[in-house]
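What follows is chain A paired twice: with chain B in the first complex and chain C in the second.
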Partner chain A sequence: MAQILDQPRYKCALAAMQTVHAIPRAIPILHAGPGCGTKLNDNTGISGYYSPNIFPSTNIGEKEVVFGGEGKLRTTIENALKIIDADLFVVLTGCTAEIIGDDAEEIVHEFADAGKRVIYVNTPGFKGSNYQGHDWVLTALFEQYLPRERVPVNAKQVNIFPGPPVQDPFWHGNLKELESLFREIGLEPNIIFGYGNGVSAVDRIPAGAFNILVSPWVGLDSVKVLEKKYGTPYLHYPVLPIGATETSKFLRAVGKFTKVDELHVERVIAEHEKEYYYFIERYSDTFLELRILSKRFVVISDAQYAIAATKFLVNDLGWNPGGTQFVTDNTPEEYRESVRSEFEKLNYGIKASMEFSTNGFEIQKKIRESGFTAPPMIFGSSWDKSFAKEIYAPFLNISYPTYDRLIINSGVVGYAGGLKFLEDIYTTAVQSLIL
Partner chain B sequence: MAKNGKAIKQIAIYGKGGIGKSTTTSNLSAALADLGYKVMQFGCDPKADSTNTLRDGSYIPTVLELLRDRGSVNAHDAIFVGYNGIYCVEAGGPAPGVGCAGRGIITAVQLLKEQDIFEELDLDYVIYDVLGDVVCGGFAVPIREGIAQHVFTVSSSDFMAIYAANNLFKGIQKYSNSGGALLGGIIANSVSPESNYQRSIIDDFAARTSTQIMQYIPRSVTVTQSELSGKTTIEAAPDSAQAKVYRELARRIDEHVDSKTPTPLEPSQLRDWAAEWSDQILAIETGEVRTEAANI
Partner chain C sequence: MGTINIDAGTVPIRETRLGSITGYYGDLEDLSTKSSCGNLKNRERCFSQCSLCLNMCSIGEFTSLRDVAVINHAPAGCNAGSAATKVFAKQIAERIGKEYNSVLVGTDLNESDTVFGATESLPDIVRQVYENYRPSAIVIASSCVSGVIGEDIESVTSELDRQYDIPIFPIQCEGFRSKIWQSGADIADHAFVKYIVKPPQEKRNVINFKNFFESERQQITEIFAELGVTPQFLYLNSTIEEVEHLSESLATVSICGTLGTYLGNALEELYGVPYIRSLNPNGITGFESWLREIGKKIGKSAEVENYLTREKAKYIDKIEEVKDELKGLTAVIGMGPGYAFDVGRVLQELGLEIIWTTAWHLDYRYDNGEMPTSLRYMTEHSANNFGVSVADQQNFEIMHTLKTLKPDVYFSRHPGTTVWAVKQGIASVFVADEYTIFGYRGTLNFANMILDAVRNRSFEQNLAARTKLPYTDWWYEQNNQAMLLNEGETRLREAAAH
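Right after this comes the complex of A and B.
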């Protein structure tokens, strides 16, 4: 049955232009109809040098649809190369271009000797979401941009691949924290996204001794491409680690995979845990005595945050996953079982029930009907805010769209991120006090 | 409705590629013009060769070419007068392998419709000659609501031509509930009216799909000769037997009023039907069915 698109929590594959835009000195070129770039551009933190409003776009119309848009694509690339100071241009094709069968590959090949690198990726919206588009962009980058020959390997270098930047509202902060944790255990992290990184980091990828994908399912195809191309082994770590329990587990797994000195890893963990629990102790009054939270929760988010928040809330805070947790990223069938299994791997043998759903109406209906004796805390997106209010539930926005919250460079990853997440949770709680 | 209130009869001609649509359509237009009607032939094919034989074998600028070069098109610039005052229009389209020809047809048809040019020219007939198989939605535009009222399909007795006709019938059935064009009948091309198995096959197909044969048009060297001189048979050989066949077709189409929703065969039915005929033809070939074989 046809359904009305209600409360979209992700976008079409063309929005993977944001993955390109998150790589400093890379610029997307859209081969799409007018308006696509602008419509997909409703996040915060995306202005600055070449924002989505002024991404080069072919803006193809009736004429290109009938006669083919390849000519327009050629001139758009030509002009973009002329006027934009960037090192890498990534052509992303939208629905219209893909339906009429424009051959972006052929046009891009014409720019092989242009002096600046141009690659292409097919991202029609009808083919998938921006989660998948993110993987396609990386695949294109690895296949088309990176050299065939492997450069000398740096035994300490680890390339870290996270979930989709921008779609993940905490991406800046999370990546910085991952970077610093990897450094502490003696590795040299290489991340292509965000401040201080960029195309030069992409160039360093072949030198990596390891690839680590920190994401439940997004990005799996592209790390496999690197494994095939350079023989680089990869660790697929499905849990974004928030707080001490998960972060320590994560560091041990990374240490084991990269064969760094176990004792050193344990020293780093011990030092962090000491500090982490010092703060937990000092604020335990708040967590134990402030009886305005039911300590039950519902996460409505993509697989990454639904898993990460559930683990943190159960393992570190001892909250009750009572109702159902909702994964809203339309996880492809092949990954559903592994995503589901993460909700069953919680401390104390606790298993959280979960559901895949992209239907906001259904999700809210289920929460209403799940018979909470006191309202659970809702961790979701802007779409869930007024619903939470209706059922008197405290609400924290951790997921796109985050229209009602500004996140600049704070993150939730690691020990520090766990404490920051606690601040957010209990700030929400105490705000309901009438003083 | 045209200026004086008379209804414009709009007809779409479909059929498998190369089956004789343009040849038949041009002769039909020529014969209708000879009957005194004001006719427009609208080629809906990127090849833009539908109206060639109405204009001494010459090509005309297409609606989409004009649109591409100028950004907008005045319908008058895309209309060229051919044999006996027939208005010739070619939709045109992209080069093979690029763009979307289907969208081109939609654009071209709408462009003329919007400018009320049919009424302005006080036409009696608009005949759309549409490319081969109905490969995508664009090629179905002439049979959707508000364009043609009657569809005729050109088919031989070859299985692939019948297969294409059956597909077209499915399209007509689909749009029949929403005011789309209905089926007038089959124009049996390259089928000799003398009784033989070709005729039996096409007759049988028409019966099974609840439609009728409008005319049997034999293969004729007169058609080839006329085409080579850049003309329709009606123009080049008006006194030939073949011209008579086309004039008869025009008369029947002129008299035709009620089109119907066909009953296309399901893929399995079509296969079974073809298999039956294959057995029967084999029997004819091996002499088991003597009366029929005598005519082959």
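Right after this comes the complex of A and C.
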């Protein structure tokens, strides 16, 4: 049922065009309105080898609404294959194409022998969010693009699937750090998104011995598709690991799942922790004595960052929840309990109360009326910046929309990411000190 | 020939109202001949890339005001721009020390709504918006989904309008209605005139000033003060109460002819507020004719001449100096039609040679039935006949043009377009702000921007040397109009559709 969407922190399923765009040499073809692609592309870092200016789009008009748009889709695909230099074309259907009943599947099948691979995904905006769309794109990719036949498995290869790229503003940096940590414990990571990866990495997926999904709920269906198709076991790890405590836990879980030498994993962890705590030790005075931070926090973000930040702040930095935490990604009902349970698995039996909400106005009202004695630090999105100022709370932007900061390739994952996150937190705090 | 029918629920799109087009390939002379005899026909494409959405253009006009709530009756993605809308409107309000209180919310339409309808949810959403934000008006915007499933928003708003003490009204801005996103602004202007503007009670010493980002608000306020009038900037930073009084102003002027045509002509036709249809105030000729036209309309010609003489003396020598360095540079322009021919005029004034112009759409006439002033000026005064195409931001055609013509500079005006020219190793100037070339000072500033772009080409050289273009060699070997159907094919398709 229709509901008020005030301060949107997610987009529609068609915005999963960003998932396609994150796979180098794959390009979306939109069977959608003239402005869908441009409108959904409101993040930073969204140009590249392609951009929405390049994405083919049928630009559905009144004529197609009345008489159907399959003809326009056919000529658009046909010419896209000639004009655009790409290895994989992914047709994504928008709202109008779906409601008027265009059969993208049938049109795409006409291109089965076109020499270039074309697949399709139904991603009408009314059917779900870009978080769900991300999973549908991967599902289609695995079902339609990957071969049915099994290939010899590389016992060391682990396919890593993160949350939705671009929607996660730190995706480039996070993926690089995950890759590097996996290599250190003796695995061969395979990631399809970002620099140095792409369609060739998709081709390697069937050879993976393991799939690891690092995400609270997004992407679960697609790893199950791989399990069914190739019998590849998957580990669903719901916590994006930030900082030493969570990263060490993560590496142990991955090591155990992939059966790599436990002692080696422990050596890697020990070395990283030694380095991490060298820096923590040097900067401890700041963490302990800076008088302008209350050491309490509220996260307003998607399930991935709400959980990740909460775990880091409580288990690593020793802060406490400053009231209710808010998950804003419209988590589907079936995943809500598992997401909620992560807020209850914290050190010293700390349980962070949490709520699912897509109404920014209500979220801010609740925080304002929560009766805090000192303003908690707010970890949110651009929507929360002026609100934080209003309640004199320090604020750090960690999720879409992120208008007030530019993140190029830095990440928050891992040991290095934890230190970077600390830099961000304390830089934000000390920026209020004006000479 | 009038096109204003304020009793109608909405305004027809530009394609049907003005015969505007998004597909054309030819040159200035051909365009001029065909436009003059009303024989300019659209050519459709069999391949296209993403362009822009009129729904956001419509909504953007309302969220520019400081005290309006817009409910976009749409799935979540259609509201993706709401943060950007607020971010920039808030900064622009802060610039003049005002508070921005407008809000844009969505209705998060889902699959069951497409089956069972969602108008029943609207009263409750309106109540929440009213209670939370206390806006001066609530606008409910339709989207592709609400349009295709046939949501009767008008009935809902007319019922709600009776229940609340503020105007509540609909705008029909489904994204599929038109490929010309500017139609979205017309739809908004129609709704402003229909639902907000009141008949005049008195005449006020005010000039309605339609623009985008009001970056020269202070300068314009000072110029107008010399003429004894106050500008009413629209719509950023304005309020519903201010818009109510637009019919009482001395005149309407727009920073861009394409942007202003519907509002200007509607206020003139309905309330006799003269609409000033001069060139845009860009460059020397543009600025002088614009200000003189205003002076003439309000009987302040002497004051205008004083101002122009004084200001020109400050900048003209410096402009001439930079011109020496720009002489002979070749230029390709890719912009909306309101700016394409206007910026073109300034470039010719500065001694550059235009070798191609691509307009995102083309109006060969405006709502008064006349050819746009800047287009007419170009057809009558251009130093040379140059190639012209019309493409709704079809990047593959622009890249083809740039690769073939290799101009010294490319001039763009829309986000995300500049980098593509740069990747082909072409110096680019992003003329984003509508006041970039305003007046004498703006002209000098613009000349310096061009000089900077051609003088230090490090960024584009570095990037171009290390990136690959996304188009195939096949495409660059084709004729640039290969994806445009001819007029006959387009007409056949249209006939089949009807």
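In this section, the second predicted complex is superposed on the first by the 430 of 435 C-alpha atoms of A that agree within 3 Å, B and C clash if a C-alpha of one lies under 4 Å from a C-alpha of the other, contacts with A are read in each partner's own complex, and residues count from 1 in each chain.
Simple rule for what comes next: contacts are C-beta pairs under 8 Å (C-beta built on N, C-alpha and C of every residue); 3 or more make two chains touch, one makes a residue touch a chain.
Just so we're clear, the structure is a prediction, and the values are computed from it rather than from any experiment.
Trainee: Taking the superposition on A as described, I'd like to know which of chain B and chain C A:383 touches: first, second, both or neither.
Mentor: Once the two structures are laid over each other on A, A:383 reaches chain C alone.
Trainee: If we overlay the two complexes on their shared chain A, which of chain B and chain C does A:126 touch? Say first, second, both or neither.
Mentor: In the superposition, A:126 touches chain C alone.
Trainee: May I ask you to decide whether A:34 touches chain B, chain C, both, or neither, giving the answer as first, second, both or neither?
Mentor: A:34: touches chain C, not chain B.
Trainee: If we overlay the two complexes on their shared chain A, which of chain B and chain C does A:63 touch? Say first, second, both or neither.
Mentor: In the superposed model, A:63 contacts both chain B and chain C.
Trainee: Could you say whether A:14 touches chain B, chain C, both of them, or neither, answering first, second, both or neither?
Mentor: In the superposition, A:14 touches chain C alone.
Trainee: Let me test your reading of the model: by the given contact rule, A:85 touches which partner, first (chain B), second (chain C), both or neither?
Mentor: Second partner only.
Trainee: Which holds for A:361: it touches chain B only (first), chain C only (second), both, or neither?
Mentor: So A:361 only meets chain C here.
Trainee: Once chain A of both complexes is superposed, is A:100 in touch with chain B (first), chain C (second), both, or neither?
Mentor: both
Trainee: So which one touches more of the residues on chain A, chain B or chain C?
Mentor: Larger number of chain A residues touched: C.
Trainee: Residue by residue on chain A, keep only those touching chain B in one complex and chain C in the other, then list them.
Mentor: In chain A, residues 62-67, 99-100 are touched by chain B and also by chain C.
Trainee: Could you please specify the touching residues of chain C with respect to chain A in the complex?
Mentor: 46-56, 73-84, 87, 90, 103, 105-114, 118, 121-122, 125, 128-129, 132, 144-145, 148-149, 175-179, 181, 392-393, 395-396, 416-417, 419-420, 467-472, 474-475, 483, 493-494, 496-497
Trainee: Touching chain B in the complex: which residues of chain A?
Mentor: For this pair, the touching residues of chain A are 62-70, 99-102.
Trainee: Sort out for me which residues of chain B touch chain A in the complex.
Mentor: Of all residues in chain B, those touching chain A are 64, 67-68, 71, 93-95, 98-101, 103-104, 107.
Trainee: Along chain A, where are the residues that touch chain C in the complex?
Mentor: Interface residues on the chain A side: 1-8, 10-15, 27, 30, 33-42, 47, 49-67, 75-76, 78-80, 82-86, 94-96, 99-100, 124-127, 129-130, 330, 358, 361, 381-383, 386, 401, 403.
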